[in-house]
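As structure tokens, here come the structures.
First chain A sits with chain B, and in the next complex the same chain sits with chain C.
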Partner chain A sequence: MSPSATAGLQAQPASRAGRREQLWSKAVSLILLLLVTAAMLSPLAFMVSTSLKTSKELLIYPPQLLPDAPAWGNYAELFRNGEIKFGQQYMNSLIVAVSAVVGTVLSSALVAFGFARYRTKASGFLFLLVLSTMMLPYPAIMIPQFLLFTKLGLHDSLLPLILPNFFGSAYMIFLLKQFFSTMPSELYEAGRIDGCSEFRLFWNLTLPLAGPAMATVAIFTFIGSWNDLLTPVLYLDSQENFTLPIGLASMMSSKFRLAPWNLLMAASMLTAVPIILLFAVAQRRFVEGIVLTGIK
Partner chain B sequence: MKRTIGASQSRAFYAFISPWLIGFAVLTLLPILASLYYSFTDYDVIHAPAWVGLGNFRELFHDEQFWNSISVTLKYTFISVPLTLLLSLLLAILINQKVPFQGFFRTAIYFPSMISGVAMSLLFTWIFNPQAGPFNYVLSLFGMDPIPWLLDERFALWALIVMSFWGMGAGMLIFLAGLQGVPASLLEAARLDGAGRLRSFWHVTLPMISPVFLFQLIVGIIDSFQVFTQAYTITQGGPNYTTWFYVYNIYISAFKNFRYGYASAMAWLLLAAVLLITWFILKASNRFVYYEGSR
Partner chain C sequence: MNTTEKAGPFANSAAKPAGKLAKSAAAAALLTVVLSGCSGSGNSGGDTVTITHYTIDSPDRTFVEKLIPDFEAKHPGIKIKVTKAPYEQFDSKLQSAIAAKNSPDVTSQWGYGGFMEYYNKGMLMDLSPYLGDFKAADYHIPDNVMKIYEVGGKTYGIPLNSYVSVLLYNKDMFDKAGLSYPPTDYEDKSWTFDKMVEDAKAMTVDSKNLAEAQYGLDFGFGERDQRPQYFGANVYSDDTWTNGGKPSQVNLDKPEVIDAYKKIYGLIWDQHVSPSPAFSKSVAGQFGDPFLSGKIGMSVVGSWSLAASSDFNFKVGVAAVPQGPNPKVRSVLYIDPLFVLKDSKHPKEALEWIKYLVSTEVQKKSIDLSGGNPPVNQEAAEAYYAHFDGIDAAQIKQVYEGAYKYGFESYNHLIDNYSQINELFINELASVENGDKKPEEVLPGLQQKLQKLLGRVNK
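For the complex of A and B:
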């Protein structure tokens, strides 16, 4: 809007020219957004359609938008094929992700409560230390961690993927501490008068009120663990111990042309299912969590 | 709810934060120090670490693959991060125009960034397939010849950059929240002063969201210094090492060539680079980032 268009019209916010211009900018925005959305979603649509194609239909060019008849058998084949061990890998991924959620939520909540409730000489410095580890790149510490877990005899087991989650995550501690800090101190005074121990103040009073914040923590921990590739690549050697990301990557062993793309896409689809379900159930938590912590 | 307290409270504090204290000592601090030590040694796990002083760093200096991995990573970072940032800001601005179906657009644009990196990598390997993939088909509709994206050293890194756009949804959400946090009263005041939309965007909205921009810039750069999934899943660093990312290079040195000392030296340089970049951006930002309440 040029300055002259608004000059002198200050008393009437919605002048006719202004309104027309607003309508235009809305229409242009809408068209651009439709184009971008189409671009963003079309690869996923292609994933769905490829997962339902027969091997013959894969080779048709130009690529078909929809297969003639959906080949649901591709999905069954993943579980039937004993070589890929897809079912086992799905189980492994669930075990790791659920343990990661339990470990991270419990440990981060404990630590966050400590930082939110007490102020000691060292607490400010220690919290700064927590924050400073948020940016720490995992590759910078992965080699000694790997050597440590290998010395403990945990190579090719799921434990190195699970155990680190029981020591709190800097992001989650930060998020929960912000939440706990908003709780009224009267709550704790009342609890103390009733003779609650400090731990019961945490367990019986704070946690039940922290449901939404903990749900956010749980969701992002689950996604992070579910999608992690680097850690399993370091630790897991045998097919039956693989989690889904490394399992999927290893399925693509025959490069580029010969891989059974319909099966690969079906496997990718099934890998995305828990995330999609989570998103459908708790979309608000996603948005909040991202906005609060900047997690991607 | 904070209070300053006596010895029993202090004990309770340390009890509550003990999981993090232990984890920090054993899984963060110890590895950082150990990796510093290893970086001055030759270490293959079978034999004890042998002290080589600055040997690893001297070797790195003459290692072509090391410099190549830096140049690949920087090229990817300096193209993908600014483009992704600008695009996600632009999308956030568009959605913030109070268009109809706001919620739908937000969800649809955010959605792909949740899907696992490996699943997206597989998908894009297939999409970029030179024979049967849809990307070349779409290009052919505009009269372009097929491009062997991932198989050609001129295009492979660009294909990965294009792919990174599908992860900009989270950034868009953060910008959108930032835009919605700009007080309407400020925009109204600017309008009453006769500022047009561009000028009020430039002088009001942009300064107000500059901390968000800065934060995303730092996180974006640090993230893309650590690209691994695409190199491991899609290209294995090829063709001809054109997608040989820095972390992939660390991974190969340590876990394929069993040169843990050499790889630790690279890991430490990565840590130093991340610290340096963060410090540099924060320092430079004092000039152009506006923090409400300061000044």
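For the complex of A and C:
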């Protein structure tokens, strides 16, 4: 046997041991990942399980993970029950969240474009001024804004939840400005040579190239608006105008009655659907946006 | 934020789109004005007055909407609008509405704040000038109940619902332990605190195994600061009940108060007949009340728990709170009133709505509509006693009557800034409830902190 063949024979057990080690490490990682995933998904599993229980099953101790017979009727009950008005609340939340996305994306992008592409002596100061509005917590402006909208007669309508979004958001402006600043000036010069107006540079050149950043802004805004409870509570009085967060909070409002946790969990499941869909559709662009704009 | 910068090297070429933008902005402003015109609530309608009734968004409160058509038919000049908020946001919405001069007309202490808090903040209207020929007796409201919402001879609230402390017991656990059911008669001298503890011991299985463990008693008499009252000790000086809910003295360092807390927490850690907070949280699940798990023999609790009794997975009974060391107080009264807020422009009409809600016929109707709210109107109360399946009406009646006789209004209605005080008690006594410290170790510190808090908030 040649020396090289001997070395090959010796190497074989060594590489087999290495492969075994690799397999072990992969198996351990996989088990760990599965455990963490199970832990992360357990609240979701409990939510699904509770949403399919009857009122009596909610009170059973120890709690059952699987109900005897899934009560799918809980989901239908949300839409059938005239007192809950879930369908109306869903529609209101969609109107508010979609309008908020349109308003925030358009207004913030426009302002961010200005800060990114135009330079004056006051640019820095103005940008700081914009950023400083992030320091003001919502409760600080809550009452003055409430007074303003009440004076405008917009109380108990969806407009106070929608209109402020059309005046930009400091955080989103900052985020988009960071992205717009990375775009090469040659691109704009080429656009200008081709006869683009400044607005077309923004609309036809900047926005299409800013997909990931825009997706990030859209998702953040949608989630923020979809989950917002305090603002709708302040402005909305009539149940016809309520949004989903008020509806969900109201289901456990009574100090004196058992909360319908099965309906609440069914409602929570349906409430999570748009967020999950949005994230599934825009996931790639969203992750790109986070990478490109340096958000953590 | 509105930023319309247009300057720099491209300023001229940007002028055109900016012009378009200005037009768009003007259009948006116009739209806003138009929309605002469309969405104005418009309270005016000739001589018709609109009264806003602000409540929690839960079926046991919002049922009043179903009464509106009948009220409006009987009172052609008055319209009722119900506005609502979830429980947690009830106070913040109310405060914002008052700050914005958009105050509702009628509401109650349905959030964290209580009567004295509202009163001391100047939120309530003195109803005395508008009461006219209103007599509590005409509405079958007991005089002592009516007086709860009077300060200095002025009436600030009309009682609407009356909850009391009751002792609920799990009949299945009593049967299994071979015990006789506790009595409903407050005058039954054999039913004492010691007897209750004795029965509790017979039902208790104090085990670390959750499946086996069960406890005889959950003693939830009022909030933590009111609990010593059952044992004849008072945490606050007597002037608290006459000076607008501002205690001049705190008695947490007095031996009788320390002894009372020793007895209360001794039920968990010395006698082992009551569940620890950890056990309660484990078995209570989403509902927060361990009694519902069927692992608690007796529970001293507010009578609102009766409303859910048909949902329990075991047979339930109601009994008197046993005679304790304090011969005068054995029950906490939770009388919910209706207030007219100070900024109301139509107090007379608001009072008409309140009078309608406390009338015998409407109070009776409200029991079913609300799913079991106890009426303050004693003539309607008979219908309430008969409302609960599986529990004898006569027994509920006897328990209620005894509770009224030996009742004291809940501290949270009578003490100013109660939510802060209650928070302090919850935080400071947590270590005692968890068995980490003894009451005598914690109470001196709580005394100091409470005095400091009261000194600050009652300045």
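The criterion applied here is as follows: the second predicted complex is superposed on the first by the 237 of 296 C-alpha atoms of A that agree within 3 Å, B and C clash if a C-alpha of one lies under 4 Å from a C-alpha of the other, contacts with A are read in each partner's own complex, and residues count from 1 in each chain.
Everything that follows uses one rule, which is that a residue touches a chain if its C-beta (ideal position, glycine included) is under 8 Å from a C-beta of that chain, and two chains touch if they have at least 3 such contacts.
None of the values given here were measured: they were computed from a predicted structure.
Colleague: One more residue to check, A:H155. First (chain B), second (chain C), both or neither?
Modeller: Second partner only.
Colleague: For A:F79, is the partner it touches chain B (first), chain C (second), both, or none of the two (neither)?
Modeller: In the superposed model, A:F79 contacts neither chain B nor chain C.
Colleague: For A:K56, select first, second, both or neither according to whether it touches chain B, chain C, the two together, or no partner.
Modeller: A:K56 contacts chain C only, not chain B.
Colleague: By the touch definition at the top of the document, which applies to A:S185: first (chain B), second (chain C), both, or neither?
Modeller: After superposing on A, A:S185 lies in contact with chain B but is clear of chain C.
Colleague: By the touch definition at the top of the document, which applies to A:Q239: first (chain B), second (chain C), both, or neither?
Modeller: second
Colleague: Answer with first, second, both or neither: which of chain B and chain C does A:F166 touch in the superposed model?
Modeller: The answer is both, since A:F166 touches chain B and chain C.
Colleague: Looking at chain A, does chain C or chain B touch more of its residues?
Modeller: Looking at chain A, the partner in contact with more of its residues is B.
Colleague: Shared contact residues on chain A for chain B and chain C?
Modeller: Chain A residues touching both partners: 50, 58-63, 110-111, 114-115, 117-120, 123, 126, 130, 133, 142-143, 146-147, 150, 166-168, 173, 198, 202, 229-230, 233-234, 246, 249, 252, 256-257, 261.
Colleague: Sort out for me which residues of chain C touch chain A in the complex.
Modeller: Spelled out, the residues of chain C in touch with chain A are 1-3, 5-11, 13-14, 16-17, 20-21, 28, 32, 35-37, 39-41, 56-62, 81, 83-89, 92-93, 96, 99-100, 102, 163, 210-211, 283, 285-287, 292-295, 302, 304, 307-308, 311-313, 371, 373.
Colleague: Considering only the defined contacts, which chain A positions touch chain B in the complex?
Modeller: So the residues of chain A in touch with chain B come to 1-3, 5-7, 10, 13, 25-26, 29-30, 32-33, 36-37, 40-41, 43-44, 46-47, 50, 58-63, 107, 110-111, 113-120, 123, 126, 129-130, 133, 135-148, 150, 164, 166-168, 173, 180-181, 183-185, 187-188, 198, 202, 223, 226-227, 229-230, 233-234, 244-246, 248-249, 252, 256-257, 261, 264-265, 268, 271-272, 275, 279, 283, 286-287, 290-291, 294-296.
Colleague: What residues on chain B touch chain A, complex-wise?
Modeller: Residues 1-5, 9-10, 12-17, 19-24, 26-28, 30-32, 34-35, 38, 45, 91, 94-95, 97-100, 104-119, 121-127, 129, 131-134, 137, 150-151, 166-167, 169-171, 173-174, 177, 191-192, 194-199, 215-216, 218-219, 222-223, 225-226, 228-229, 232-233, 247, 250-251, 254-255, 260, 263-264, 267-268, 270-271, 274, 278.
Colleague: Flag every residue of chain A that touches chain C in the complex, lowest number first.
Modeller: 50, 55-56, 58-63, 83, 110-111, 114-115, 117-120, 123, 126, 130, 133, 142-143, 146-147, 150, 152-157, 159, 163, 166-170, 173, 192, 197-200, 202, 229-230, 233-234, 237-239, 242, 246, 249-250, 252-259, 261
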